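Input: structures, listed below.
The following pair of complexes shares a single chain, subunit A, combined with subunit B in the former and subunit C in the latter.
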Partner chain A sequence: MAKLMLDVRQLTTKYITRTGEDVYSVDHVSLTIEEGKSLGIAGESGCGKSTLALSLMGYYFPPLHYTSGDIIVDGKNITGMDPDTIRKTVLGSDVAYIPQAAMNALNPTRKVGKFIEDVIHAHELPMDKKQIREMAEQRFALLGLPVDALDKHSVELSGGMRQRVVIAVSTILNPKVLIADEPSSALDVTSQKMVIKMMKDMMAKGLVKSMIFITHELPLLYNVTDDIMVMYAGQIVERGTAKEMVFDPIHPYSRGLMRSILVPEEGTRDVKLTAIPGTPPNLKHPPQGCRFAERCRYATEACKFNQMPLLDIGGGRYYRCGHSVEHLREVYEGED
Partner chain B sequence: MTKGMRKYFKKKIFWFVITFIAAVVLNFILPRLMPGDPVNSIVGKNISPGATQEQVQEQITYYKHQFGLDKNIFGQFWDFVKNAFNGTFGVSYSQYPRLVSDIIGSSIWWTVALQLPAILVGWLLGNLLGALAAYKRSFYDKALMPLTLFFSAIPAFGASVILLVIFAVTLGWAPVNGAFDPGMIPGFNWKFISSVIAHYQLPFWSIVLISIGGQAVGMRSMSIYELNADYVKYARFLGIKDKKIVRYVFRNAMLPQVTGLAMSIGSMVGGALVAETIFSYPGLGMSMYAAINSSDYPVISACTLIITIMVLIASFMLDIIYAFIDPRVKAAQFD
Partner chain C sequence: MKTDEAIKTELQDTRESVTFGADRNKDFSQEPMCLSGRGVTRVFHTGKTTTVAVDHVDFDFHRGELISIVGESGSGKTTLSKMLLGLLEPTEGQIFFKDKPRDISTNQKKKEYWQGIQAIFQDPFSSYNIFHKIDSVLLDCINMRGGKNKSKEEKFAMMKEACSFVNLKFEELTNKYPFELSGGQMQRLMIARIFLLKPDILLADEPTSMIDACSRATILDMLLNLRNETGMTVIFITHDIGLAYYISDSIYIMEHGKFVEAGKAEDVILNPKAPYTKRLISDVPKIHEPWDLSTVG
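The block that comes next holds the complex of A and B.
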């Protein structure tokens, strides 16, 4: 078995609202990623996928708070480390982050090259200005970015270029885990393709040891990541390989999600697009039983009251549902 | 300097010249639209009670000729332009035969010495308070911001009068008016300087107090906006120190505040009017106030021209400064 780059065990984090209520947006999430692998996380808006991304950094700002669980990066448990140690030794170097709005992620009054200097200095690496500059130039050239972008402010770069610069800056310290939160969703298709290509490239060149890719665009995940995980209401509802998840989803929510979006691959041509009715539950007061039961067309009375554990069915496949795999497959077949 | 920059500044200068010409014309016309005849009031003051109608008429004709008011409006305008260019601005009506440049020369330094430090101190304190309120929230935000808001909401004359009543009249800590004790001869000695410093306090702090409020409110909201900007979150997750991020934030939040500073420096002569009048401070504001009361056209025009020129220079400087401190402005203007 390959080396585990990221091993998250029962991670729970919460938001504390202004009125003092706890909202558990990441609820006992466990996941592993091996070296050289990538994991896609999909789900509706508000399912907790972006919060999961933030939570995995181990560096929390109000209103987000850590509750319990472990985050182990390449054998090192980063939970419980003091914030300044995390800042210096984990952020950017162990776990790097590409924000959702990467277009606006650069300080408008700081040149890209200067910002890279700041990043290196923040980690107290023994490099002088010249060395940093050389390193940055090499990295930009390696990733096919124009070197003169280092002397520019973000406003002087196009949207797609800004995005790629952010990716290059995020990965400048060769992170073990790269967490990309919808890095391409604000881009046009051409720029999207370039961003995806760049990220795959970085994986192939070993600049990034493993990757989590968060998006609501499933077709994208199928082409980019090895595995896909589906989240709903702060919990993992299913995990499998990209192919399994797209063509053979088990959980009714995963199935609904796959069926609501076109995947431009063979075998999906005759699939009718259907929307999932209803909206996700309010996590201030999560449902007692299965969190998806309210919207699930296969739900029984029991689903609404029984807590659903995440079931391991072997081969890296997990799902969280009261029905058996056989039962669900049978029902699905009857529908097609 | 790039080609884009040159083109941009050429265009700017062109428009500043147009604005300047329009301002000169308006500075000439507007005082003359005021009710009241300057010559009549001067003659009325100077003539002996038993003078005959002819003598009065003779006096009026004499002064009209001296002031050039017997010429038609174009002739008067030509005089005005000529005097403006030779730097004298002509002869004052109410303090005849004193030159306008002499009146302004003796009062403008009082205004600059009062206003410039007050504006700078007010701006610095205001921005500091606003930044603290945004960054620390809790105490600063809850206790200090309402207070500064309160002060910024008081009209300038109101704040000055309140200070005057409390500190000069009731407590007697500071003199009531003037820039130094009456009867004192200005000179470089300790007695005179200490008198000037004592007289300086109230007008100075009244201006500071008022400018703090406006600056603090602006800086606070800009800082809060910047603190929540995406680049802050990104920089944090790249491991950049909070201290550094705070520097990013305040640098960016300061940018719009520079406009406020330049504009209050540019318009300080006009802004001086209220405080100077209330504290009878012998600055340009007082000169202008007195000139308006006696329809002293050359003095009014000279004062308003100074205001115009200072505002124009300030906004021109702003354009240049922004090109250097804000790459967004630079990108928008020079391409």
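The block that comes next holds the complex of A and C.
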């Protein structure tokens, strides 16, 4: 078995609202990623994808609070460290995080090369200016970015280029886990493709040892990541390889998501889209039983009251549903 | 944040999502012309620079046809849609409405034109007057369509019909304000308005881009259903080529203010001719075909 790069065990984090209520938006999430693998996280807006990404950094600031669980990055448990240590020894070197609008983080008054110096200084690495410059040039050339971008201000670069520069800067220390939260959603399709190509290159060249990719665009996930995990209301509802998840989803929610895919290829016009009615539950008062029961067309009375555990069905596949796999497959077949 | 009530209302929508039109590959070229344009151009002058946002485009939209205008940001699709709506005048060229040159030179004539064309925009929240309750939104539509002298019961029946068309329960919407609804519900209420107004043309400018992928399916099916039941022309403006392929009869691809390719959806997507269309399609990640990353930049 390959080396585990990220091992998350029963991680729970919560938001404390202004009125003092607890909202558990990441609820007992366990996941593992092996070296050289990537994991995609899918789900509707408001299902906890981005909160999970923030929680995995181990760096919490209000209103997000850590409750319980462990995050182990390449054998090192990063939970319970004080924020300063995390910033110096974990962020950037162990875990790198790219939010959706990452390109807006570039200070317009400084040149791109300066950001790389900042990263090195923040980690107190013994390198002088010349060494840093050399390293930056090498890295930019390796990733196919123009080296002269290092001497430009961020406003001189296009949106897609800015996003690629940010990714290059934040991975300069070869992080073990790269967490990318919708890194290409604000870009048009062509720039998106360039960003994705660069990220795949970084994985192939071993600059980044493993990757978590968050997006609600399923065709993109299918093409980028090895595994896909579907989240709903703060919980994992299903995990499997990208192929299994798209062509053979087990959980009714995953199936609903997969059936909303629209791609410009033959057959799209003949497929009947099925919508999932309703919206995710309010996590201030999570439902007693299965969190999806209210919107699920296959739900029974029992689903509404019984807690659903995440079931392991072998081969790296997990799902969270009261029905058996055979039963669900049979029902789905009857519908097609 | 949605109120719990709004969520509850949405949950009770039990009607199955609607079916396709009778014929997905109908030939619309025999249908009467609804809206057409010849050499339509719009130039913007800002200081010393001149921008040609829309550059001599020709189009023919037939009755009952569902047309998608696809383009990336900055291709001029919003300027074109403003001209179609009569919010901007073309600087050159002519738009024809039902085979007659469109005349919107006076306010009176504009109002007449707007009887025939309606729009749904991207952001449903900004489309409503927040001080008006939902019943009055719908009531206005009935009054505008000459239903002023109808009895209260008749008006209620019409509103009910419109709401049930979009899977909303009218009883639960009365006495509510638009912001008490979810985004998907608001967009559906927009469609209910169109159902009551029955314009000749509906222009939908990215109506699903602020909505989740799952609720998107509902809205798209409702638009298809609306077209099938009322026979109105629907012009769908989007940047999502997969979505355009799913919903439309014909597709116009726009680049730098020009139509680089136009035709039936099947032809444009499955056999693209223009290099720009080819690039656009190859840049979108797909499911059954491999996504070739080597062709980048």
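In the analysis below, the second predicted complex is superposed on the first by the 327 of 336 C-alpha atoms of A that agree within 3 Å, B and C clash if a C-alpha of one lies under 4 Å from a C-alpha of the other, contacts with A are read in each partner's own complex, and residues count from 1 in each chain.
Keep in mind that, in the parts below, contacts are C-beta pairs under 8 Å (C-beta built on N, C-alpha and C of every residue); 3 or more make two chains touch, one makes a residue touch a chain.
Because the structure is predicted, anything quoted here is derived from the model rather than measured.
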Side-by-side fit of subunit B and subunit C on subunit A, or clash: fit
Subunit B versus subunit C as contact partner of A:96, first or second or both or neither: first
Subunit A-centred angle between subunit C and subunit B, computed on Cα centres after superposition, in steps of 10 °: 70
First (subunit B), second (subunit C), both or neither touched by A:192: second
Partner chain(s) touched by A:19 [first = subunit B, second = subunit C, both, neither]: neither
Which superposed partner A:277 touches (first subunit B, second subunit C, both, neither): second
A:110 touches, of subunit B and subunit C: first, second, both or neither? first
Per-residue contact with subunit A, leading partner among subunit C and subunit B: C
Contacts of A:200 with subunit B and subunit C, given as first, second, both or neither: second
Smallest separation in angstrom, by C-alpha atoms, between subunit B and subunit C in the superposition: 13
Touching both subunit B and subunit C, residues of subunit A: none
For the subunit A and subunit C complex, residues of the former touching the latter: 44-45, 188-190, 192-194, 196-197, 200, 216-220, 222-224, 246, 256-257, 259-270, 272-279, 281-282, 294-295
Subunit A contact footprint on subunit B (complex, rising order): 229-231, 233-241, 244, 248, 251-252, 255, 325-328, 331
Subunit A partner contacts - residues on subunit C that touch it in the complex: 2, 4, 7, 10-11, 13-14, 17, 19-20, 24, 72-73, 182, 184, 212-218, 220-221, 239-246, 265-266, 269-270, 279-281, 283-289, 291, 293, 296-297
In the complex with subunit B, residue positions of subunit A that touch it: 54, 57, 59, 61, 87-88, 90-93, 96-97, 99, 101-102, 104-110, 115, 118-119, 122-123, 153, 155-156, 166, 169-170
